[in-house]
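The following pair of complexes shares a single chain, chain A, combined with chain B in the former and chain C in the latter.
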Partner chain A sequence: MNTIEYFKERFDLLQSVHKDSGLDIIRQKAFNTFNKMGIPTTRHEEWKYTRISGLFNKEYQFPVTQTATSLSQKDLDAVRLPGHEQASELFFINGLFSFPLSVVRSEALVVMPLEEAAKNEYKDIVSKNFGHSSNYLKDGINALNTAFVQGAVFIHVKKGQIPEHPIYIYNITDARSGNILSQPRSLMHISENAQVQIVETYTTIGLEESFTNQVMEIIVEKDARVEYYKIQNDASHTNQVSTTHIRQVGKSYTHTVTISLDGGIVRNNLNVVLDAEYCEAHLYGLYFQQGQSHIDNHTVVDNVKPNCFSNELYKGIIDDNATGVFNGKIFVQPQAQKTNAYQSNKNVLLSDTASVNSKPQLEIFANDVKCSHGCTVGRLNEEGLFYLQSRGISEKIARSLLLHAFAVDILEHIKPEPIRKYVDKLISERLEFDIT
Partner chain B sequence: MLTIHNLHAGIEGKEILNGINLEIKPGEVHAIMGPNGSGKSTLASVLAGRKDFEVTEGSVEFFGKDLLGMPPEKRAGEGLFLAFQYPVEIPGLSTTNFIKTAVNEIRKYRGEEPMDALAFLKLMKEQMAMMDIDQSLLSRSLNEGFSGGEKKRNEIFQMAMLKPKLAILDETDSGLDIDAIRIVANGVNKLRSKDNAVLVVTHYQRLLDYIIPDFVHVLYNGRIVRSGSKKLALELEEKGYDFIKNEIDVSEEVNQ
Partner chain C sequence: MNEISTIEKTVLSEYKYGFVSDIEADEAPKGLNEDTVRFISAKKNEPQWMLEWRLKAYRHWSRLAGEEPKWPNVKYPPINYQDIIYYSAPKQKVDLNSLDEMDPELRRTFEKLGISLNEQKRLTGVAVDAVIDSVSIGTTFKVQLAELGVIFCSMSEAIQEHPELVKQYLGTVVPITDNYFASLNSAVFSDGSFCYIPKGVRCPMELSTYFRINAENTGQFERTLIVAEEGSYVSYLEGCTAPMRDENQLHAAVVELVALDRAEIKYSTVQNWYPGDKEGKGGIYNFVTKRGICRGESSKISWTQVETGSAITWKYPSVILKGDNSVGEFYSVAVTNNHQQADTGTKMMHLGKNTKSRIVSKGISAGVSNNSYRGLVHVSKKANNARNFSQCDSLLLGDKCGAHTFPYIEVKNNSAIVEHEATTSKIGEDQIFYCNQRGIDTETAVALVVNGFAREVMNQLPMEFAIEAQKLLAISLEGSVG
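Let's turn to the complex of A and B:
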């Protein structure tokens, strides 16, 4: 059976099982789009350097209904992040949100199935915002997620409230008995004057392949503040397309840090839509890839309204045969005067066979703006290396110190301390030298 | 301690050092002076093991060992230290972590246990006070945003922490005002003993008012063309390098 036929079969099954969710019409529309567009090939401008079509030649199990997990407590504990005792912990298993496993530890949060939110008091929020990312991601991959939306979650941070501890979101794929396709979906609504920290990770358990096609949409209201941290360190037999679509609909502040340390093919879409005056957005990223892994960060900052500020810094270290892609778009719409938008991408290549494609893209339609972008690709600073070696530090450790120093720039933007230390430790392990 | 014999070295096929001979014994202070482009900094770099330079002839022994065959970190382990003319800025690496790593790597090389945290902190504070370095510098990234004077003081501070047997100061006085020169010189003098030696590479005589040399060598066209006592430095200061240049150029014409 070819891929499209297989998806058709699964889709029909899903539609017959979940008839009255209120989402079936949205799914049907998205499935039509998917049928029309198919899986993006490298002929698609946005997928020029990232080839995912090959991933769909494999057979995946693709759960469309919730079943009890066979993961043990030990499996789950291995996935948990430091600080989890206080955090609100949300679990997706094979792309479906798991209420039995998830624990909400803050009164400031409301967590419910998206199907429910689509019908109750939150239905306006859902109808206005769900699927907004498809305006920016015109490809079959985004449509594929929406076509199968089910087991999705709606997360609401109440007006004026601040959960004391972060929300940890664990995306777990159980690939012990076959290749798994996971499609987690969530919609987050950060109310007026609320604040929240979100940390998200991806873990595949088992040795079969996994492909995760995730979409998270976040709406940020006036005077709200959001920190979002994505940590990707899954095994090399796992692949993912991870979309985070942030829409700031009132004067608000967002801060995202994307850390990508491992995985087979990893594609991140981070969109930040500045849809109100005086919004501020900070986008940071660090990718440190080795082996055969491929990391692609596509970012969009869309200045829709005037007087917004955005700052973006992505840094990459690429070793072995790994490849990196950075594509950073900044749109300044005609009415978005007085925009300040900055972007920078810096890369260090550690081997002759490592490569990176960096593409800044500014599309400015207003005339009174300040925008800048820059990208560098280079090798490790030889002068710095000699300086450290001249102080008795071996070349290997000197390299580690310099690479760690390169990464610190991004690490220091991870504000929750246990998470910062955790990521720092992952990097120190990779560098085989712990500076602390 | 250090024996340089007929050292020839250059960069990209261009010869800069044309047969240097120099012997430094424990307890001695040597100054190498010379006009711009004479090869002073090249000599310092070659001794410390900078990769850019290629040694084409000659030898350097450090306590009887072949120095030129060692990577830079081994040279440091053996007790050689270069205070850089242009200390490198490394954003993201704190001065404390850098020094701690260096101290313990050198101890490891010498077969010693790593220094315990308290002793390290105490030593660091003492040496910082000596070099008049503000404590806040330690948590800052190595040399990042340091003023010229702070960078040079930081070099001597590192030297004090690493306790080398031979310290090479490469134009440490350049860009420093007189107060900073005094602090730097004072730091160097405090570290002097009968067991260690200092090689001061400088364009000007003024640093030598504070670090009194036992021997002064004049480098010109990659060779030591004259050696003498500290008086030679004063003579150079008074007459300028031209008098040496003229003398040498004339004698070379005669020889040809």
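Let's turn to the complex of A and C:
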């Protein structure tokens, strides 16, 4: 069992191996927090519907230093996404950034280990921004990631530049010879006037259990534009807590789409801080779960400055014994007048044993705002089904058609075409629905 | 009838905020321990089983000691439970201060509320069970109700005269271990109302209770139990006022409703306890547990509340929809101004088949107040075809107040349809301009818009309450436009 004592031992080892990395102080702070708070339980309001403490009852290996991977080229090719020939590809193996495997195919990008960036010409950016999300991550599980920061990556998009193709980030867990705890960490800095598309996936190789505890921080400067796509379709013996923290420090635009199709327990924390006037943020999510899987999407849109706009739409299809959880928070701080914030969560339950827990939440401290949220839970529209059937379409196909249409609302927000087609194919296959 | 007119005077004519009736009270010593519980029980001449029930609750509460719920979105200094007088009964010789002695400031508020003496007389069409500091000093219209078999009396009377009914239903909806304040109430409740509607009876009049906190440092621990037998109907009104005080006072009431087959209970509340002064000093802490159970098929429970008072409100009138085809409703207007804090909402627990619930919540915040809606809609596995619609809207007046929404939606049945929507906005400048242009000053215009905003809920109130509630809204928001 990975007890606090065990983590302590590993932590001391890490601190002694990676001395002077420029990150040891923040690691120490985070470890103290973890020590105090531990793994969140369901008594913690933020974790009311998602129980992860049980996942820590088993032993995990977790690497403290980088070792050469034993994965074959074939294994790696299998996880590659369509369109990878042009894209810049970054690999994390067991939570550690693998520099040798990664390929950067654009002049606009600077990619390097975070430890290095913390010492060279980017150190100001790193020291200013790394760990800034700590205010928003007040629980043990996020502290655990920060306490063991190493093999992290720093990605910088140069001022005014636009890489022609997206960045693909592959998180690979090699669980062939034991349970693995992997903790990927990245810091992205999108400079003024730059644009970037990021696509991230998670794959576990091997049959042992894996637990991924990821934290990604994205800083968006003035007039920059970011599209971030997260695709979760890992095996059902894998669990993950994935935290993405976006901070818009200048008038900028962000667009995130989170697609969760499989996995054991999957928890996503998406925090967007609108820390400048006239920021715009779009958050989309689709979860389509079956079997015993559990998907939990927690989002926060924190309006700190006036005149910002945010729009959020999460849709879920829950089948079998699966559970869906949604918690969307919109904060409007006292000074953030003229905020427009919208949020919507729609769920379809397909089986008697599926369940949904939704908590759309508004906390508003300014008066000149327009905020709304909506939430629905139901089954497929009977009238729609009848309409299609009355025109000679079988019930099975009619169902697939309606569910596909339900999903398309989100899919159409995936802008890189190969990725959209790829996700659409995954969904259509599950629906046994032929798009052609 | 002399006694009745006394009640009317006490209850209605002094229907004002700050003002202490100088009634000599028969008080328990300050503090809470087993002896206090025994004292209260003995004072009320209760049977052994009641005492044991109270003691059980007390023991549970003392095990929880110090663990007040921390999750509500409200802030207050810790309550010293040993510094409260748990029992205070007015002596029978009620010495009434007349209207003339009233503080002119209060008198004005009184006039604004429009409760003139004449109107009060008109209002006496309502059966009043007046509770002054925990003990019912009289019940009117009892005879008329008795003819129909309706029992409407104080809780202490019910314990003496209808122990079998009390024993059967008390604590079945809100168990003594339900929550911190419910346990406290179960241990020390001093009085309250008991209402029993027999099979097939449609109660001919609105039953009504006026609560009134009077003696200084007296917590008010009311216990209300309403049982509607098969096919019966009752509409119950509850109104609250409290005199002006500097120290915060605790009010931890419990209300239990039981609706059997095809019965309907409509429970309306207008709450205007003293909210504290403009600096947030004083005011009532209103920590109330209200819950109804639709036990029989096709039964219905409807909660309507207008909350304008209290420094802190913590209240979630809930319905357990156990019977098939039962219906639960919740209509609420909560207004907070100055330093008031409200965390209120409802819980709809869908257990039976074809159960329906509807939630309409309107929050209005002004000054530096915080107003939260917290609601739960739970659809259990067996609740086929459950239907819920929730709507919670917030209106913000002023740029220092907060409006928050915490809806919890838990659905475990795929035939359920649950909808929730919420909006937050302020009064449009165009709306104010439109009114100004037609010679309506800004303050009146705001009152107009607010009333329109709250109309959907106000319409649910019985006539007598609706007029008063509308005026209360305007008074609570006075001076909030600047």
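The criterion applied here is as follows: the second predicted complex is superposed on the first by the 434 of 436 C-alpha atoms of A that agree within 3 Å, B and C clash if a C-alpha of one lies under 4 Å from a C-alpha of the other, contacts with A are read in each partner's own complex, and residues count from 1 in each chain.
What we mean here is this: contacts are C-beta pairs under 8 Å (C-beta built on N, C-alpha and C of every residue); 3 or more make two chains touch, one makes a residue touch a chain.
Remember, it's a predicted structure, so these values are computed and weren't measured experimentally.
Asks: State whether chain B or chain C is in contact with more residues of chain A in the superposed arrangement.
Replies: If we count touched residues of chain A for both partners, the winner is C.
Asks: Touching A:Ala405, do we find chain B (first), chain C (second), both, or neither?
Replies: first
Asks: Between chain B (first) and chain C (second), which, if any, makes contact with A:Ser16: first, second, both or neither?
Replies: After superposition on chain A, A:Ser16 lies in contact with neither partner.
Asks: Does chain B (first) or chain C (second) touch A:Lys370, or do both, or does neither?
Replies: second
Asks: Which of the two partners, first being chain B and second being chain C, lies in contact with A:Ser177: first, second, both, or neither?
Replies: After superposing on A, A:Ser177 lies clear of both chain B and chain C.
Asks: Looking at the overlay, what does A:Gln61 touch: chain B (first), chain C (second), both, or neither?
Replies: A:Gln61: touches no partner chain.
Asks: Taking the superposition as given, does A:Ser358 touch the first partner, chain B, the second, chain C, both, or neither?
Replies: second
Asks: Just checking: does A:Arg391 make contact with chain B only, chain C only, both, or neither of them? Give me first, second, both or neither.
Replies: The answer is first: A:Arg391 touches chain B but not chain C.
Asks: Which partner does A:Asn120 contact after superposing on A: first (chain B), second (chain C), both, neither?
Replies: neither
Asks: Just chain B (first), just chain C (second), both, or neither: which does A:Glu383 touch?
Replies: first
Asks: Where on chain C does chain A make contact in their complex?
Replies: So the residues of chain C in touch with chain A come to 71, 379, 381, 394, 396-426.
Asks: Write out the stretch or stretches of chain A touching chain B in their complex.
Replies: Those residues of chain A that touch chain B are 381-384, 386-395, 397-398, 401-402, 404-409, 435-436.
Asks: Which part of chain A faces chain C closely enough to touch in the complex?
Replies: 45, 334, 337, 347, 349-379
Asks: Quick one: which bits of chain B touch chain A in the complex? Just the residue numbers, please.
Replies: Per the touch definition, chain B meets chain A at residues 48-51, 71-73, 75-77, 81-82, 84, 87-88, 90-93, 97-98, 101-102, 105-106, 109, 141, 158, 162.
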